[in-house]
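In order of appearance the chains are A, B, C and D, and numbering begins at 1 in each one.
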Amino acid sequence: MSAVAEKLHHNRYRVDEGRPHIRLRDPDICRDDCRHRACLTICPAGAYSLDADGLVRVSTDGCLECGSCRIVCAEHDNLDWNWPRGGYGILYKFG
Amino acid sequence: MAMHSVVCIKQVPDSSQISIHPETNTIMRQGVPSIVNPYDLHALEAALTLRDRHAGQVTVLTMGPRSATAALRRCLAHGADQARLITDRAFAGSDTLATALVLAHAVAMLHREQPVDVVFCGRQTIDGDTGQVGPGLAGRLGLDPLSYVVEIDSLDPASRRIVVRRRLGSASQTIESRLPCLISMLEGTNQVRFGSLDDVLRAERAEVPRWSAADIGLDGSEVVGLKGSPTRVRRVFAPDPVERPTQRLETAEREPADAAAILLDALARGHPELLAELVGAEVARTGAGRTGLSC
Amino acid sequence: MANRFDAIVVGAGPAGNAAALTLARGGLDVLQVERGEAPGTKNVQGAILYADALERVVPGCRRGAPLERPIVEQRMWMMDESSYVGTHFRAPRGEGPPGRYTILRAPFDRWFSEKVREAGALLICETTVRELLVERDRVVGVRTERAGGDVHADVVVLADGVNSRLAVVAGLRPELRATEVALAVKETVFLERGTLEARFNIGRDEGVATEMMGAITRGMVGTGFLYTNKESVSVGVGCLLAHFKATGLRPYDLLEQLKSHPAVAPLLRGGEAREFAAHLLPEGGYDSLPGMHGDGWVMVGDAAHLNNAVHREGSNLAMTSGRLAGEAILKLKAGGRPMTARNLSAYREALARSFVIKDLHRYRRVPRLLENNRQFFTDYPELVNHAVAKMLQVDGIDKRTKQREALRAFRDRRGLGGLAGDAFKLWRALGSRGGR
Amino acid sequence: MLIRNRGPARHCAAAQASGVWVLVEQQHGEPHDVSWELLGEGRRLADTLATPLTAVVAGAAEHGLEAAAGRAVAYGADLVRILEDGVLRHYRTAAYASALAGAARAHRPAVLLLGATPLGRDLAGAVATDLETGLTADCTQLAIDPESGCLASTRPTFGGSLLCTIETRARRPQMATVRPGVMPRPEPDASRQGSVIRERVDLAEHAIVSKVLAHLPEPREDGARLVDARIVVSGGRGLGRRENLALVRGLAQVLGGEMGVSRPLVQAGWAAHGRQIGQTGHTVRPSLYIAAGISGAVQHRVGMENAEIIVAINTDPDAPIFDIATYGIVADATSLLPALSDAFSRARPDPARAGEGRRYG
């Protein structure tokens, strides 16, 4: 749980259990080909992390739907990036 | 034979978003949206599933202010066929007992329009009321109350026989009953469906009729609103913070077994009774018992 | 029931709402599709509203709209690690209605949508449009994710925000580049009303807007902001996405550092942060503008990159573009003319005649200038802060020597050529005619 | 389906009511522990009101209601009313509500307490509606208001962040339900004396529409057991590998408790959502909560911070979980957990009783 987790506690989400809206196309590309792995630092919600085996993991529960990860991953285009289903995901109270 | 189900829902504030200002202890209501009481969505899905099997009509009903129409529209968008809003200044402040009375009159009116076979309602609301709407409706309308229902096993419209499965904590019952009956679903048993585009378009275009107290035959003789509610909230206050002594055990560079022993010692000194319970030993209790947990 | 409308508007932000309102008022049969639970739940902005643009779309909006505070004081801070040099422009409320207000986007967008509904448009929420329906290179409608989810229309107005997924997926515009967008993160911090008004020295119906730049962006090109709402403060910082990628700095760390800056922290002390938001802002300016019309479609607002970052003007460009698109479509409909690319170019021309394209064109060099001249965000704020600090220090050194030292500091850091070059670049990007 | 005219007022006025009643909840002869906790609380309330404490035991002959009555006396009841009839063999809301409401109308108790178990909540709602009286659910504190003499019931509100005190001023009985494990369980005193009265239950089987075709005890799914567990051992990302979850399950079994997990483990697919503790999972209030390899993000803390004693094991000395840990141990959970399982097993006087269930249901 990165430090940002504390920040996301106040946000309102409706998690689409079992239907993450962002998926890694091929995890090996992250480990073998991508030297930059900007997603690990750029995501404002800290949704990207490295697991014990050095694979990038994405958890879309706290996603703020800004789109930064998709743009910085353009080099390898390794993200299957979509909006969540209607009414799901972040639901801003103030915006 | 088409079935007519009536689903009673309630528009509630999303209590998970309510927070208390740490210093002033005031309730911060800004940005707390209204939603359909989540328990009621399990009831709506059960009614829609019933309609899938036996055809017929699903009516959603709520008592509340004008703005509660939004909650009804969301239920139409999930696939309900029609909606009714029961709204009247006289109802302001009703607790669950008074609410059940108003809804009973509304269901009776719907019954005259088209006979009602099953009344569905959520077990309770998330703002934690006492879950009396179900029993209240059943009592007022002479319906058999079937609560904590997990699944409707079978329903025979001709013989009016219905078999449901319910779960009460550690026991699961299969119950046979007669229509008309009242069903409140155990939460988590189903997931309300994602409406079709036609459902959503129809929900936005639908005209939601409003009924007043007089429209449903409540001429003021029955007691509703605040005076009809037996309970009164005396005061609302912040719980005193749980002062918990925190202690860091010195286990640096110790073998796991030593560290474990250190914890057991600490428990033996600080919480002997708990340690006794953990190891299953009967330690003569001093009758002190644990003080009530403050929330 | 074949779902067919005169026009479909995708998105219920300022641009989408302005377009839907204009079309509905023109008597068209309009469907507006919003993916959020309600309008506003997916939209993020600083946020400052330019009342003039809204007034043209919703006359008399100042009374009904949920506006937070009219801005009476604009602060500009050039910040060093622990100090800032700032200019404050404060003007008591003049006779005319105030031009700028702080707003909270969720309640504001909900209010704006109510106007659209009252005008007769049909708004459906919680419905995500997955792709455009295209037949023989002509957009003929949209496909939503719901069962039986296709809807057809003569024209589709793309107002789906900066990511502009529909246009990118349909190949109508290129994917965004990290140098074209800024990533901003923001918190809404609640304070007791009296405390807030005391700290910012404002009355009940007065607001302060603060724009910040300098050390707070750690050398990246970007700015910070602090806006007063009725009972909360919006505090945020945004930098070019390419610079976030290059430096590896984490957005929420940057925000925490801004909030703990000695000039900002006391304003927020004791506040309760109740929402953390993130958003991309189109920063490419004129040179990033995609094609905004084609057979059966037009593109408005952030989706069309219509954002004037220099003056932090986004919502007025969005609303104006939405209105102009609506008016162009109404004219074609009135004349019974088809929604072809050629006919819809009327919208693009109207934009060109309006301030929208003129301002963007005027500042067309600014994005590249800032991107490649970080010194404006690092050296100059630091030099200015030190120079002013030294000048204010009464330490027996005569003023002439102080001035010479300050100038030498500038020269040492940037060199005479650098200073002249920077001045010329600024003049050319901001001051010169047309910026060709 | 017409509105049934309910006849004269079914509740009674404050002046005519006296005495504190507690329902002894039982199914098929096995009473629920919450009944004894409520008798302890009922004893205190009855003493304050200087009125007798009555236990009500409802069921059928084969449930051996005399045994439950005897235990009720040991736990403090002055009088036990037994409602025994074949129609009460299986729990049916209409049957039990009619029997209990009938007894309450006949003898006019001032206070009627039930456990906030699924059965208790369901029955309380039905009885309170039948008697048209006030009911407060899921109370955490009960007291007699000195000035009004009414029952002051305190319960969480606004999502648990605040408490509110509710009273039923005019109508009787004043009803309340209390969650298992909230009130302390008194010491049973075998020498206590109390009288037992058998009540007539005038309720015909044909009057009850629903028939129970089958009644099968069922292991409660993960969530239900976790919420009521007195001991919870939870695992978090600090465990490193999915296999290490077995170490958490092992210690939970040794202590006769339940296993929980933090959100990341559910996301990684190591455990079912039913095991998750926290903002989007369950809230637990055990006597002991052991957090192994859990950093203690606020989303997890809100689900377990009301535990009475918290033991936190984490390799990161600055993990937020240590701020609320009664006992904090900076160590690697994967090595400490097995050591703890051994230590607790060896400390057990009679190894055969390891992991013996603490309670029915």
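FYI, a residue touches a chain if its C-beta (ideal position, glycine included) is under 8 Å from a C-beta of that chain, and two chains touch if they have at least 3 such contacts.
Remember, it's a predicted structure, so these values are computed and weren't measured experimentally.
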Greatest Cα-centroid separation from subunit C: which chain? D
Would you say A-C or A-B is joined by more C-beta pairs in contact? A-C
Subunit A and subunit B have mean C-alpha positions lying a whole-number Å distance apart equal to 33
In whole angstrom, how far does the Cα centroid of subunit A sit from the Cα centroid of subunit C? 24
If you average the CA atoms of subunit B and of subunit C, how far apart do the two points sit, in angstrom? 42
Distance-wise, how many Å sit between the C-alpha centres of subunit C and subunit D, to the nearest whole number? 54
Among all residues of subunit C, those touching at least two other chains are 37, 106, 126-127, 144, 146, 232, 274-275
Where does subunit B touch two or more other chains at once, residue-wise? 16, 19, 30-31, 33, 194
Residues of subunit D that contact two or more other chains, please. 279
Is the way these chains touch best called a line, a ring, a star, complete, or other? other
What residues on subunit B touch subunit C, complex-wise? 19, 21-24, 28, 30-31, 33, 77, 194-201, 203-205
Touching residues (chain side subunit A, partner subunit C) in the complex: 3-4, 7-8, 10-11, 14, 36, 38, 41-42, 44-46, 64-68, 70-72, 74, 82-87, 89-95
Of all residues in subunit C, those that touch subunit B in their complex: 1, 3, 37-38, 106, 122-124, 126-127, 144, 146-151, 190, 192, 231-232, 270, 272, 274-275
Taking the touch rule as given, give the residues of subunit B at its contact with subunit D in the complex, in rising order. 15-16, 18-20, 27, 97, 100, 104-105, 107-108, 111, 115-116, 124, 126-132, 134-136, 138-148, 163, 167-178, 180-181, 188, 217, 230-239, 242, 244-249, 251-252, 255-257, 259-264, 266-267, 270-271, 274-275, 277-281, 285, 287, 289-295
Partner subunit B, residues of subunit A touching it in the complex: 10, 12, 85-86, 91, 93-94
